[in-house]
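One chain, subunit A, links the two complexes that follow: it is found with subunit B in the first and with subunit C in the second.
After this line comes the complex of A and B, so read on.
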């Protein structure tokens, strides 16, 4: 491999334009004649709209159109950007007269300015009947609570996901030690910097959309179905994106935007406020978990019993698939495994996809118990986990997923090396919390599919067309590196065009840590196809047989000498009678979803007078396969640690039980860590190679967040000597500060 | 977005500023408290009067042994100034504890002291508040924090106030052509009544040389941006006076008299602090606190945050 391309510290292709401000996000586009759209939202978590009158709104000069629930009454859909699945329930409305959460969409308005839109929302005359709201899983499961969607399910506990291996009851009964606990994690929001936005233009029988979108091809499929159009009539373009983290793995307000555009005949821009972002987009599921762990005195963990209740909010969206993914993320070789996941409707903000997709919740509960087991047995927590860890060739409990590569020992060795360095620097005593986790590369059900096409230019540079959506994680850069490596050309000779349903080929979507593994494999195939097609064309032009043309290191070999990639391109394009245009194409359907692994250590120290905990250091080492881009991987690890610390420490969407109001409605009230809050971070991606990966790479996107909250909570539990059962720590009576704040 | 329309003016003297002030107008300094309130539809002034062109309000001087801080002095400027005075380190900590670097570059000392009390049910947008009955502050008669209480129980979150109160600061107020000096405590007790349309012009920290120690501690959920869950300031003067103030736990900062007097006694006898003093402080703080729910913090979590009182005592040299 060319070390100047693969594994190098290559800056992201789009970094400069992001920094100098010339990059264009959705809100930077303003097609001629554009209007603004806004959504009237329920101020109550559960209500019925008895009467709605838009006369005053329509009388406002500059208001161009209004749509009401009765205009869209027949349409039900599921907004999730997953490929079609029987698990996904069609329970959403474009607009509703029976709002099921605070923020549910009741009406929409298009006007000439954002200010007019805001004023218009205040002039709808709406009469509500306020109904009792189920604001927790417990309340939703109470027999006296009516089902939220009686036409879909008689109970709010509407889907059960199950995975089994061995016999967990017998397994637990045979164990020397059984530990159990009931754990809880909160709903959290990823808070992408760029608000959710779209511009929709319905012209004639076609729709053009610019949107913050992780899954343009799935969204196209849903919209085309919704409006009875062929998919070819719907074009979705994803401009630069300021984050997604899963929250944009679905439709948001494109349906409303499209209908407003249809009604006005003009493009309509929908740009959410931060308040709407917090209340009316999607969150990570709040979870209640009952976990049992059975082990022998020698440390062998032989049985694991996990039952989870997820608060999916008012609508299904991703709910059951999150549970399905969650049940398949155990990296310990237990003989007996039982997973039960309940998807529960409540009147809370709708939950959807968010980095980790169910994994952070259970990893927290499971790792807490494993740490307690280590203490009970007097074992080193790293070593106990290593003893039970899956090896290459094993399958993941409850699944058929193969462990095709695992470098966990190297991850531990590297983490230990860093820990010793940190300990040598710290004067005060502290406690380390350890957590392990695994994730997959691409969806764990192996539904990942991606494709790429490559067009060859005369000078040997190429146009690489990808369906994958770079949402800020850097996948376009990584894909360009893979193409350059396989084609043997310079990185600057690859131009990437991506995530435009009219001009790039299909991709399942940006989710499930897919892009490097699934998208990367498609690029490898496309590049190989390009080489093959170019070699054939070159043979024709030069009058030799295709078998006589070889290719290695960017150079074609022919019977009469060698020929660079660029020379070959020139000869083929302008080579006389036999000249032609050369394409490469690749379609990759996942055959495996190779697991990736992380070891995370977080250190806290406790003030003996005040009890205040200080978070001083966090280490994470990962096995993500062969690293394609060191910068991107480091960014993912550090970003994952920051987001994971927030999850463990301070983040939670809060609803006031008395008023039913969503309290954490802006970025002041909802707490994500600031730069001041991040302790010293140390990260490493260890040497690893996966045979199924493109150039040996696996994934990195979600993995790095998953173990962090667990490691933090374990460290806190060790520091305080008090068992912790719920996140975030700041909600409990544990005062915590970051080292930087204390240092001031 | 501010949808409400208003006029905006920048008078160039205190006389002009006061002449423009009426029930329908507000003064604006840095705007970091007022502008969000306008965006959230909490204020509907017809006129916004900026004090930025009024001369003489943005300097820090020492006059007759007193430190005189203009109300329009930027927080960042005060932070830089106080870096040079070891006995004002706590004031420096207090200023640096406010919000974020961006806000400290535009926010002012006067604005920080005159900030509105805050509440999770009040500091929300108009659309958000449509789902609840109006409260005492929005034209209604209920407190969503404490429905049984006949008045608003919102808390005051200034980080500067405890430090200034502990330092016995006075405030200078311009009204009707006169400049008057009052204890800061008096102003904070009823800001709009005390100001009566006048302008807070200066904060006077008396006898700086005599101030031996000034310590400040804050606990917030995050290390930046956040308002305090609790804060505390402690001063020791050469004459032996000790002042201990706790903030963010009550509608106005409170003085922990018993603790400060026990501390003064210990310091007089030049004895090392007895462990008992921390318990006294914790008990007195708990007795005087009136915590309400804040984002991510229940009243019980706020109670915990009162460890700042113990921390500030431990900071004593």
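After this line comes the complex of A and C, so read on.
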């Protein structure tokens, strides 16, 4: 491999336009004649709209159109950007007269300015009948609570996901030690810095959309179905995107924007306010978990029993698929495993996809219990986990998935090495919390699919077209590196065009940590097909047989000498009678979803007088396969650590129990870590290689968030000597970051 | 009202309502879309620009406060079409991920470096505490600022 391209610290290709302000995000586009759209939202978590009168709105100069629930009555859909699945319930409306959460969409308006939109929202005359709201899983499951969607499910506990291996009851009965606990994790918001937005233009029989979109091809499928159009009539383009973290793996307000555009004949921009973002997009599922762990005195963990209730909010969206993914994340070789996941409707904010997709919740509960087991047995927490860890060739409990590569020992060794260095610097005593986690590369049901095409230019530079959407993580740069490496050309010679349903080939979507693994494999195939096609064309032009043309390291060999990639391109394009245009194309359907692994250590120290816990350091080492770009991987690890620390420490969406009103309605009331909160971070990606990965790479996207809250909570539990069962820790403990620490 | 002020060194004069946000003036009137809106409520720092060399939030600053002011936006930091020192350091250090917070982050750092050429890590963290970044752990950003300070000191 060319070390100057693969594994290097290459600055990302799109950083330049982001750092000089010239890069364009959705809100930076304003097509001619554009209007603004806004959504009238329910002020109550559960109500019925008895009457709605838009006369005063329509009378306002500058208001161009209004749409009401009766205009879209027949349409039900599921907004999730997953490929089609029987698990996904179509329970959403474009607009509803029976709002099921505070923020549910009731009407929409298009006007000439954002100011007019805001004013217009205040002039709808709506009469509500306020209904009792179920604001927790417990309330939703109470037999006296009516089902939220009686036409779809008789119970609010509307889907059950199950995975089994062995016989968990017998397994637990045979164990020397059984530990159990009931754990709870909060609903949290991904809070991408760029607000959710789209610009929709319905012209004649076609729709053009710019949107913050992780899954343009799925969104196109849903919209085309909804409006009875062929998919070719709907074009979705994802411009630069200010983060997603799962939240944009679905449609948000594109349906309303499209209809407003259809009605006005003009492009309509829908731009959420931060408050709407908090209440009317999607969150990570709040979870209640009952976990049992059975072990022998020698430390062997032989049985694990996990039952989870997820608060999916008012609508299904991703709910059941999140549970399905969650049940497949045990990285310890237990003989007996039972997982039960309940998807429960409530009148809370709708939950959807968020980085980790069910994994952070169970990893927290499981790792807490494993740490207690280590203390009970007097064992080192790292070593106890290693003793039970899956090895290459093992099957992940409850699944048929084989572990194709695992470098967990190296992760532990590297984490230990860093820990020793940190300990040497710390004067005060502190406690380390340890947590492991495993995620997958691509969807764990292997539904990931991606494709790429490559166009060759005369000078040997190429145009790489990708379906995958870079949402800020840097996948476009990584894909360009992979193409350059396989083609044997310079990185500057690869130009990437991506995530435009009209001009790039299909991709399942940016989710499930798919980009590097699934998208990268598609790029490898496309590059190989380019080489093959170019070799064949070169043979024709030079009048030799294809078998006589070889290729290695960016150079073609022919019977009469060598020929560089660029020379070959020139000869083939302008080579007389046999000249032609050469393409490469590749489609990759995941046959494996190689697991990735992380080891996280968080250190806290407790002030004996005040009881305040100081978070001093956090370490994370990962096995993400062969690293394509160190810069990107480091950003992913540290960013995941910051989000994980936020999850463990301070983040929680809160609703007033009495009124059902959102409390955490903006970025001040909902706290995420600032530069002053984050402790010293240490990260490393260890040497590893996966045979199924593109150039040996696995994925890194979600993994790095998953174990952090658990490691923090374990450190806190060890520091305080009090068992912890719920997140965030700020609900019961005082925490702070150590000032005057050195960033590494 | 008639507003006369300077943006990235160029004098500007325009007709605007006095309560028009600086953010909208920059983005809509002057097409300086590098100034980003993350919340519109002074919570996220994405809209940070420099007003007379101090960092301010463009979403909370209105036209009436701008008469005679010198505004610097992210577009104004490029030197002869090349990224300025801070911008280049952000790219090199891998501090730019989704990039949405970055213009504001760079300008907050710029305001800090206008005040002190040798900031401590705590100074940097404090100066950036009003700029939320959801992609990073801030360490690459902090390194980029340190590196720029060092390079400036060496000059």
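Keep this in mind: the second predicted complex is superposed on the first by the 732 of 744 C-alpha atoms of A that agree within 3 Å, B and C clash if a C-alpha of one lies under 4 Å from a C-alpha of the other, contacts with A are read in each partner's own complex, and residues count from 1 in each chain.
Keep in mind that, in the parts below, contacts are C-beta pairs under 8 Å (C-beta built on N, C-alpha and C of every residue); 3 or more make two chains touch, one makes a residue touch a chain.
All values reported here derive from a predicted model rather than from experimental measurement.
K.L.:
For A:118, using the defined touch cut-off, is the partner it touches subunit B, subunit C, both, or neither? Pick first, second, both or neither.
P.N.:
First partner only.
K.L.:
In the superposed arrangement, does A:44 touch subunit B (first), subunit C (second), both or neither?
P.N.:
After superposition on chain A, A:44 lies in contact with subunit B alone.
K.L.:
First (subunit B), second (subunit C), both or neither: which does A:245 touch?
P.N.:
second
K.L.:
For A:12 in the superposed arrangement: first (subunit B), second (subunit C), both or neither?
P.N.:
Only subunit C is touched by A:12; subunit B is not.
K.L.:
Does subunit B (first) or subunit C (second) touch A:675, or do both, or does neither?
P.N.:
A:675 sits against subunit B and subunit C alike.
K.L.:
Per the contact definition in the header, classify A:547: touching subunit B only (first), subunit C only (second), both, or neither.
P.N.:
neither
K.L.:
Have a look at where A:652 lands relative to subunit B and subunit C in the superposition and call it first, second, both or neither.
P.N.:
In the superposition, A:652 contacts subunit B only.
K.L.:
Based on the A-chain superposition described above, do subunit B and subunit C contact any of the same residues on subunit A, and if so which?
P.N.:
Common interface on subunit A, subunit B vs subunit C: 273, 668, 674-676, 740-741, 744.
K.L.:
Touching residues of subunit B toward subunit A in the complex: what are they?
P.N.:
Within the complex, subunit B touches subunit A at residues 1, 3, 93, 96, 100, 120-121, 123-128, 130-132, 144, 147, 219, 221-226, 278, 293, 295-298, 300-301, 304-305, 307, 310-311, 314.
K.L.:
Give every residue of subunit A touching subunit B within the complex, in rising order.
P.N.:
41-44, 102, 114-115, 118-119, 121-122, 273, 275, 609-612, 650, 652, 654, 656, 658-661, 663-665, 668-671, 673-677, 728, 730-731, 733, 735, 737-738, 740-741, 744
K.L.:
Which part of subunit C faces subunit A closely enough to touch in the complex?
P.N.:
27, 32-41, 43-44, 46, 73-75, 77-78, 83, 87, 90-92, 94, 96-103, 106, 121-122, 124-126, 128-143
K.L.:
Show me the residue ranges of subunit A that touch subunit C in the complex, using the header's touch definition.
P.N.:
Residues in contact with subunit C: 9, 11-12, 14-16, 18-25, 27-28, 190-195, 240-243, 245, 273-274, 471-474, 631-632, 634-635, 637-639, 641-643, 666-668, 672, 674-676, 678, 681, 739-744.
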